[in-house]
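For reference, the structure I am asking about is given below.
Residue numbering begins at 1 within each chain, and the chains themselves are lettered A, B, C, D, E and F in the order written.
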């Protein structure tokens, strides 16, 4: 049930309370991965999860621009303020819920969105007429999660599996050479940097040479399976906490 | 230069000040056209215009949800508040401009967005560091414009040309039969209705049986040509009015 | 029932649900018409409509400053932001409705207010406890509407009928000579200008020499009659759409 | 220089930095005084002051609705939220200043506006490009100030001088009989009441029988003289505090 | 019941609807009094009132920064915007009320907060589920109130009684010598100054040499007694005005 | 340099650019720890760090109420909305910076504040005239960090060292018995709960019986040492990223 491609009458016939809202970012992903990486991967996971789930799940169109001001000095990065992003997500979830799809999983492909999604979904649960939770796919791939980086092995693998034409294989060496080993400039547990160009020259963190289409297939499989488990939980959740 | 599918380094190499931002809506389009009609058509026109233009034009990802509360009682319609939508567009245009693409045409596929886009682009021109104008494709197809309706001949034709699999040809008769002849419930020049279900049972205005793929091709051709003419004007515009 | 000139006890005795709220603008109207043109005309129409209507209609005081930033470079033009204007109108309508006058016609004399009034009245109908519609007088004068312009024959005629001392008859020649033929600088259907001084030197659009007090009387008659027809429709409207 | 009745060209020729912005309220003033009392009196004082001043003073149109929710249970009272009112005043003052009239006296006729005007004018002085101060006329009439009340001798006298047809002389006895002696319900220096109907049955505080047209003339004379003294001070003020 | 120092279980056992929220400011108080004067005194009065009251009263932690931009040019002065302050107070009162402590006295130690507290508490009473009133201690000390000034005899006395180590006795002479006699620069009843450094060199208004610990004890006694009288009134108040 | 207890003249003499702003929460901490735990510990760390640092550090008063709606069903928990909290912090940091103390460490004692502080300090660095970073003390105590919980061994130890009278030693057994082992109700990496009472009956997570005053002393020592290291880094940081 990919909402954007169905008529309203078919959408109306969907017998479900479950919806997924893919959320990404349009932002630099090194010289080798496309600016749309976080949208493409979020959409892929959302669709794979909805496809493999036993019951119907409404798939909303992906929100393409998120919280990415930290990459502002890399060309092509787009962003909104945090509050604009939260408002946009809240309004969209509210309109999904207005049609009875009031169990909403926000499938996220961008680390920079995580805190804002946690804030806005909690606000929705407490104060609106919906139950919503965020799901960030690269947190749900088991031991691979620790290899995330930025435009590193995980994201590059996902794209090589689903959108291989968007990856410049011939730039992986350069991407790795000029990238950073870790995210941020740290003093203890405090990151002194607010923008990514303070610690990475080409925007890369991690080694994308470790990517492969096979790994991408595995990542998609694991994350979409985890998403299905979450669908079960969300569908059955008694949101007794929703008391306002 | 489809931003979402390019790397930031390739985006950085684009020698242009021009960008297009497609803006649509996810909302009912009768029993025969998809909920994503306004996004699909806006994207098609934006891409066709950018492709045929002599100079490079940056194509931003489409904003999929707009101002559509008027269709709220038709399943699958998504919407944000007007102010959320304006904020989202303003932020995205601002980030485009931050990279030097500060001549932005917002290519719109939805009538409900027009007033908000006029307001926000004027605000951008007067108070931000960018020059932006809205362009609504179905206003730029000559004598056909008067046939617009909603999910009527123009939109259905566009889809039959670019995304034919999303149109239910077998529902055109029913679509026409239960649709309305005009938009709104009028007392003089005042529309007494605020929601579309007050005057159309299935969401249709106009007769989609008059659509064809050929007409769609013509509409795409004419609107993208008009868009190229606008690129010329926007590129050369001396925004002397930008004085704040 | 001119609210500002009645006591609350007399207002309380009014047996009606109908109210009109005149809304104008204080902005340049050429060298010949006063800056208050849009308020004076909106008030005149609102009062004439209320006077000729069979049932009592509460007339609220006119809101004198609206959305007129486009005229900012002409001395004396006053404006608020669009959101401030919408908030002000919404609050005033809300307080009218609190007294039982919850069928409100916003009588408008300024083109720049139209979109904002459409947005805010729809919001009121959908989310507040009132039914409100905008009514722009120069859209309700039949074939004359196409002669509107700015400080042109229609507005000048209205003033020559109701407030002749505010019109400088001896400047009509100069007003016409230095005015523009049309509103905006157009590329296709897109207006490239955001401020009126980009296309008119003295602020005039149209030929005010075609004005007359007789025409003004006719315009007032036609628009106030249309307003009365709207009162009927608004009074009897079943706002079933008001479901939030 | 009554802005609303002048052309922009004449306004442009005004050689001054001084402007007055009358601000009132539309709210209950007992059974005898009109709902528009606070606007009528503010306008009268602003105009009298501008007329008697040696140099030209731009008179802006009066803002008719202010902060009056405390009278919400008396029919005909209109109000906006405090923040809407502040925004409206700030925007209007900003547009006056844009034309070079950046010394603005906000002439106020309503006690409920005082705190909001102090806040917003200080914000304007500190953060915008203008110097603005509030002036509440009934605070500037010497020993009479202590007789203010609400719809009491001062306001009623002012109206009997400038707008006598709006006062119901035959209701003064009843107005006095059912009014309250003082404003509020006090515990120490704390007013326990938030709405005026908690302490006055007909909305009156003070004895309007003590009013007269002669007293009104004196009040207008004294307050407009005080306003002229303020014009001197505001014109000559070195706003060194304006450092942001 | 000092909330910050009690466990939630003990707070839960409190059998009361009454709470006090101390509100101060961190701002210059001359060379002799500490920047925290307004918080220290507000806390002292709140605690003394709660201690002497017959029934339990919940004491919330003090809000330390308020509306003090007027002192911005004196080092160490902290401030928030008026709207931020109001939002903060409203949210905190709302959370107190959520636990059943919905009769809230906001005990204030700073003149600059008074108008904002009046606005926000009225809003709470009218629109939220709580009854709240502001109480400014130096307005409740009888004939002493007229000696208030700024960092003058009253505040200095309070501190010499409760926090003597924060007062520099050896600077009282200098404080008095360089202070101002009154607050503001007046033209009639209008204060032309928006910042305190426009009329006082060291921030002092009034003569702190007239202070004493004995006077401080008396002030604390009188204000806390007045606060207890207010607790009675607030506890018993029938907030029939709360109708929204 | 505890700002609240110093005069403005002494604050003015401080030769430093460094300031700390303690930020806590007033919220349930089980039956044994006080509601003010997060403020008390944040203040203790901030003061200890400032005291041990070689150069002067301005200590601002602690912000006592933060983001704690998740504990709303436990009596005494106070909270503001996330946006109110961010606004409050931003305004206070802005006023610190106005005095030249534009290197600000926000010392935080509450997990629920972390995301909001990251957002607001990044906004300050990018758009305001200050450099600010958040520092959460329990993230800076080495291997102990993993024992954090809520009202568990770390917080209880801190209080037993600095404010032992606020800890109910006789309730530690009950606190541990009815507490939860972990925070949240998890499906994969998604927490299905938005409020803490969904997974803990008495508000406790972790075993406070493992606390001791000695451990508290060590925690204070380690965290204040880490804070001093951060002071060095913040003082010397070239905020080249601050380009807006």
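Going forward, contacts are C-beta pairs under 8 Å (C-beta built on N, C-alpha and C of every residue); 3 or more make two chains touch, one makes a residue touch a chain.
All figures in this text were calculated on a predicted structure; none of them were measured in a lab.
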Each chain counted as touching chain B and chain F at once: A
Counting one step per pair of touching chains, how few steps separate chain A from chain C? 2
For the copies chain B and chain C, give the interface type as same if over half of its residue numbers appear on both sides, and as different if under half do. same
How many angstrom between the C-alpha centroids of chain D and chain A? 55
Distance between the CA centroids of chain B and chain D (whole Å) is 48
At what distance in angstrom does the C-alpha mean of chain E lie from that of chain D? 30
Mind pulling the chain F residues that touch 2 or more other chains? none
Draw the chains as dots and join the ones that touch; what shape do you get: line, ring, star, complete or other? ring
Show which residues of chain F lie in contact with chain A when the two form their complex. 69-70, 82-83, 115-116, 118-119, 121-123, 125-126, 133-136, 139-140, 187-195, 197-198, 226, 229-230, 233-234, 237, 240-241
Chain C-touching residues of chain D, taken from the complex the two chains share: 3-9, 11-12, 14, 26-36, 39-40, 58, 60-65, 72, 74-81, 84, 87-88, 91-92, 95-96, 98-99, 166, 168, 171, 202-203
